[in-house]
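Next, two complexes with subunit A in common: one pairs it with subunit B, the other with subunit C.
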Partner chain A sequence: MSTLQSLDIRRRSATTTPSPQARETLEVAKLIDISRCIGCKACQAACLEWNDLREEVGVNHGVYDNPLDLTENSWTVMRYSEVEQDGNLEWLIRKDGCMHCDDPGCLKACPSPGAIVQYSNGIVDFVSEHCIGCSYCVRGCPFNIPRISQRDSKAYKCSLCSDRVAVGQAPACAKACPTQAIYFGSKRDMIEWAGQRIDDLKGRGFANAGLYNPEGVGGTHVMYVLQHADRPSLYAGLPANPRISPLVEIWKGMLKPIGLIGIGLTALIGFFHYVTRGPNEVAASDEAAADRERERVTHS
Partner chain B sequence: MSAREANIYDRYTAGARVNHWANAIIMICLALSGLSLFHPATFFLSDLFGGGQWTRIIHPWLGIAGTLTFLGLFVRFVRFNLWNRDDNAWMGSIRHVLSGEEEKVPEVGKYNAGQKIVFWVLSILIVLLITSGLALWDSMFREYTTIDQKRLAAVVHAAAALGLIMTVIVHVYAAIWVRGTVRAMTRGSVTGGWAWRHHRKWLREEAARQR
Partner chain C sequence: MTNSWTDIRNTDLVLIMGGNAAEAHPCGFKWVTEAKHHNRAKLVVVDPRFTRSAAVADFYCPIRAGTDIAFLGGVIKYLLDNNKIQAEYVKAYTNATFIVREGYGFQDGLFTGYKREDRDYDRATWEYEFDEQGMAKVDETMEHPRSVFQLMKQHYARYTPEMVERICGSPRDKFLRVCEMIASTSAPDKAMTSMYALGWTQHSKGSQNIRTMAMIQLLLGNMGVAGGGMNALRGHSNIQGLTDLGLMSNLIPGYLTLPTDRDRDLDTYMGTKGFRPIRPGQTSFWQNYKKFFVSFAKSMYGSNATAENSWAYDWLPKLDVQYDVLRAFERMHQGQMNGYICQGFNPLMSFPNRAKIRTALSKLKFLVVMDPLQTETARFWENHGEYNEIDPASVRTEVFELPTTCFAEDEGSLTNSSRTLQWHWPGQAPPAEARTDIDIMADLYIRIRDKYRRDGGKFPDAIQNLRWPYLVPHAPKPEEIAKEINGYAIEDVKDAQGNVVVAAGRQMPSFALLTDDGKTSAGCWIYTGCYTEAGNMMARRDNSDPSGLGIYQNWAFSWPANRRILYNRASADRQGRPWNARRRLIEWNGRAWTGVDVPDYGPAVNPSANVGPFIMNPEGVGRLWVRGLMRDGPFPEHYEPFEAPVENALHPAVGPNPVARVFRGDMEVFGNARDFPYVATTYRLTEHFHYWSKHVRINAILQPEMFIEMGEELAREKGIRAGDWVRVYSNRGYVKAKAVVTKRMMPLRMGNRTVHQIGIPIHWGFTGATRKGFGANMLTPYVGDANIETPEFKAFLVNVEKITVQA
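Now for the complex of A and B:
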């Protein structure tokens, strides 16, 4: 949803030449400490508020999740999982939304130049005025995050409040969180702070506590502190080893050069066949032979 | 044949020509709009259709029209494109065909094996394209397929489209290279000499019919 702003672009969709690289800026990250989340949805409300979004008034589905899924308006939703293990009941609440992958599948899949950008601080942003509504980003994303609006056929997702970050503010959700379950800062600081939180959790008996910063997508700029980092799927199906689908890699990788080269070669082979062999022309003798053949057939 | 020159033979009816060119025009638009969404180097082609949004909106409708017009061609020509023993013989001397030494190539009927291969390759690729294309048409049919199915459909659609474009290049080149062929699709007829040189069995059938 970015518009004009003062962030440097590191990568740009459907662009084959590099973006300006000279300026180096701080890599940022949001750290969501699930062990501190109380599920109040202040972050959801703050997201709607800051981004001038309004969610449709829904109905109660009998669960806390509301709305049930991400939408073009709800760029973040709380997902509530009741997990029973070792005789304990745990209520695991995960704030779902864009993970801002370092290797973003959406950006790789997007066919429209500049409709998806990655800033040098790591934020992945949709530039909606260039979005053509093809939903390739939905197929590229390993976390099933982007949503296409029925009203304007544009793709929407969390911008990590790139407009706020551009002026030195933390994202709206981090600002609103009453228990400081959402931190925002440099990625290095966030990893360090996560380490302290994980030590604390381990001291309290969560032996498998750990940081979720999956390598398969080059790491993410939204990370989780999980009590059970050995089993991310407990948290409403968080993928253990997310990566861009191999099908998307083929489609957006080797198929592109092979395709264009194949088309060009086919045309070139034709051209050089013509200039070496010349046209295949009907000779006068062919016409005469055809006449004779017709005579023969008609009078037999 | 009395009203026309005796050495001219009808090859395509006006209906077949209209059907062919309607399909050809749609297929060219499909290739241009599809290529614009396939590679950044060809994105500029989307301007021909009113920009990226319009290209995305128009392409699937063109796909429907392209499939229907091709279906017309399929029904018209399928019975002439069934493989037979002559086709194996023709394929056996493909080297002479390509070098233009057609006197060394066995006689064939209305279509040679190369034309039949083009016919069947196009037919199969178009079935793949329309099937995968419907799965990719999110603004119409988003909820009918899973994201993983759409990913597979995207690969199939792109690969089939590339195959189709290359096959059409072969088809167009063959028509240009073999002189006297284009008029079959523009005027509907060919000369006796052309038929003698390239489709001798068909010439005999046509001559016998005129008796």
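Now for the complex of A and C:
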């Protein structure tokens, strides 16, 4: 998944060394305009195609949603909500998937160095070979996005087609969308475009139309235009005010300093050891023991 | 489409009724999105279900399946009562002013001339009043009691909002809101586009559904203008090409008609094609019929078609009756048809009353299936339990499967809904033994021809004399065929002064130069211009749009004559000034018609000549009243579906269409509302394309299993929850499916009755990558539209029950 060069990495899970800063890339975003979405699932098909993933052929669950939920193979699914108010029915169809938070809970929660990275363009990506399958990312995500594969115990989610974006292409879902409900570009442009769309919706009687770019996670790199921005929960339970789980904040906020204190103490003890006892030195008996061991290994 | 996909973005109001563009035409639907965004257009959806189109609509109004004429008749009444018509347009460009002859009438659901025993009309009274010169009489004031305008007013006076609510179940306030929105486009600078599809055609009065809307568009002045029109969304990528090229049982290419038994010779046949103008000075373009007919004959038989043999007229088949698919399978069912070549379709899934279709196929001696996929039809003899209950040992039919290439594996043109012929090239080589349809047909032809030569046989002429000029006879190139369809000059074609305008051997540039003396050849006159001396016009890919009106003149080729909006003369007033200055298509500059589109009109005809814009009609104007041209009435009238939950509220004695054809045995298996109280309708889903995409794993993942849709209230009554198994049954069969219980299927309050509707998507069969399914045609009735026999898939009766065990 991770195909951008290391120069572009802004953050890396469980890593304290500073990230490269030589290059600044354009901050990108995907804008999903729910008022234009017809729920055709072309984005789901494109996602499976581009990423060479396949689900099992399932069953109907009494709804249009299929697959019913995100899986390690389906990184995006359409969620259909029927909402009735004032005698008027609305069929709100939301494309669900990773929101690519600016302050990513998954990355913060991840204990495996480099298993989750955030690029300077804002994309949050899973680097699967470093994933240890602990599922902390699942708990860290305020949107309930990552899924752990039963087969290889690794976490999977939308990469925002980081491989395509790296070569100047829009994500596969945006490319496939027939009604241009999915837009992709710089985050600034997307916010501006959303503004136009919101004006249009307000003109059509959606007084509370607005942009979903929640501050609780530092804003997102996947944003929605909502007809009812005052009630995100209408859209299959989109959280009104997503925040990183307090457990993750404790892990990063308290446990991490404690860990750092641990590291510091070790260094301190080493220092005192050096000062009080001097450096460890190799004795002649140690050398002889090492030679015997080498002999044994090479001749056995 | 009278307009084009790209033109939809010019509209002020999109009405989706009789279709579900977002669901079935998601790519074309982008132009609705464009209209909404760039033009602030509103989208209105009228449908039995709250559809994917409705999900992004500004307004949705429910309707009972099969009652569109009642709804639209109500709209006509609203427009007339509130004077929301474009009066100048109506007066000048429609037959509202024409006077109908005495004797015409309508009473208790029947027009004059009904012959009950024949289920047909004597249409003699459905005619204009003519003067001594044979010209139709008109009354410019439209106040004559027998003027079309007054008769129309009288006819639709019965279609009150109360009546609409009682028949359609559309709440009165919602219906009136739709009327208001439609009426807003009667302003000369406003346009509404009508997007419809099989939701209007698949009824026993399908043609009249469409006509009612055409009348509304004429009253509003929305025909021939940018952003207006009657826009049929074709159900397959090349189904427009199919009808254009005459693959209907009663047509030859270019909408010419096959002769019937009554047309004993060419003169008799041409006598029925007079098309003499019936108003002074009108174009009546079909007067050129013979030029197109003779050019077609020359393309078929070349030098074997001569003036002496009436251009090979005798070699054309003559119809005794119309051989539509319903009749074909009826004949097969009766054992009167022995062999069937099934090329690129899947009748076991797509024709009504599956049990009848299966029995019919079992009576054949041979069945040839040409298809890229393993279709159910090719395997109709296989037992798949409840999905296809048959004893293979009892079937004597020999089945031949000829694998063909799919569209992405061969070269040629596709004609889309916009009438645009677009050339395409193969994306990859075909697998294994698959061959193109052209190769198979050519090979078949050569073998048949050689067998006739060798062994003789009855009536070899039509086969032996065929012109077959292809470089490789058993594998004609698509380009060779395209050139032949476009046509060429056999001898020099000269103008009135004797100047050669097209030299012998050259490709014809336009159908305007075709002749009826055998000097020109053209396979399909409306396609002439698609492959000229300038090359393959269908392969053009210039996407510049200088006017910004979506008239991409140099993108591929649109028939006729690369015209993008039909009847575009009507976009300007009588003097030739555009009704809408912001959307100028063509205008009169004092000497000629100029503009961004190819004029649908004589390019130098002065507006003062009063030539009407509807040049194909001998009246020169659009028809609000169609004389005797349709079997079931000069005005559309509301008739119930053949299976309806209620009596016809307008005339209880005449329920369904009184002239729709019903075969013996089929009438008996119509169900009644007591046993089958729910209205069912069938449709496609975005995730699938007919019965093809179920063979594709990803599409199968997205909609894996057959389901039906029902409303919450009915589900509660029946104790059915979402995801339960249900059995839906009609008087002809049953399906078992999962239940999708939804607010989107609203119960309809019709007077003191509540009617529930059930939706049945069509896609699952017993071959492919999805789970096996029953197919909606287990349930559907065997009756078609009174004019063109499209089966009534969109409105019939069923019952439903919860079941516990899966099939």
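Following the convention adopted for this analysis, the second predicted complex is superposed on the first by the 254 of 300 C-alpha atoms of A that agree within 3 Å, B and C clash if a C-alpha of one lies under 4 Å from a C-alpha of the other, contacts with A are read in each partner's own complex, and residues count from 1 in each chain.
What we mean here is this: contacts are C-beta pairs under 8 Å (C-beta built on N, C-alpha and C of every residue); 3 or more make two chains touch, one makes a residue touch a chain.
Since we're looking at a predicted model, the values are computed, not measured.
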### Message
Quick one: is A:Thr25 in contact with subunit B, with subunit C, with both, or with neither? Answer first, second, both or neither.
### Response
neither
### Message
One more residue to check, A:Ser112. First (subunit B), second (subunit C), both or neither?
### Response
first
### Task
Look at A:Ala267 in the shared chain and tell me whether it touches subunit B only, subunit C only, both, or neither; answer first, second, both or neither.
first
### Message
Contact-wise, after the overlay, does A:Gln85 reach subunit B, subunit C, both or neither (first, second, both, neither)?
### Response
neither
### Task
Using the touch definition from the top, say if A:Cys40 reaches subunit B (first), subunit C (second), both or neither.
second
### Query
Is it subunit B or subunit C that touches the larger share of residues in subunit A?
B
### Task
May I ask you to decide whether A:Glu49 touches subunit B, subunit C, both, or neither, giving the answer as first, second, both or neither?
second
### Task
Check the residue A:Ser233 against both partner chains and state whether it touches subunit B (first), subunit C (second), both, or neither.
neither
### Message
Help me check something: in the complex, which residues belonging to subunit C touch subunit A?
### Response
22-23, 26-27, 29-30, 33, 36-37, 40, 50, 52-56, 58, 60, 686-687, 697-707, 721-724, 738-744, 746, 769-771
### Query
Which residues of subunit B touch subunit A in the complex?
6-7, 36-43, 46, 51-53, 55-56, 98-100, 102, 138-139, 142, 147-148, 150-152, 154-155, 158-159, 162, 165-166, 169-170, 173, 176-180, 191-197, 200, 203-204, 207-208, 210-211
### Message
Going by the contact rule set out above, which residues of subunit A touch subunit B in the complex?
### Response
14-16, 111-113, 130, 132-136, 138-139, 144, 148, 153, 245, 247-248, 250-251, 255-256, 258-260, 262-263, 266-267, 270, 273-274, 277-284, 286-291, 293-294, 297-298
### Task
Report the residues of subunit A in contact with subunit C in the complex, numbered from low to high.
35-42, 44-45, 48-49, 54-64, 66-67, 82, 84, 89-93, 178-181, 197, 200, 203-204
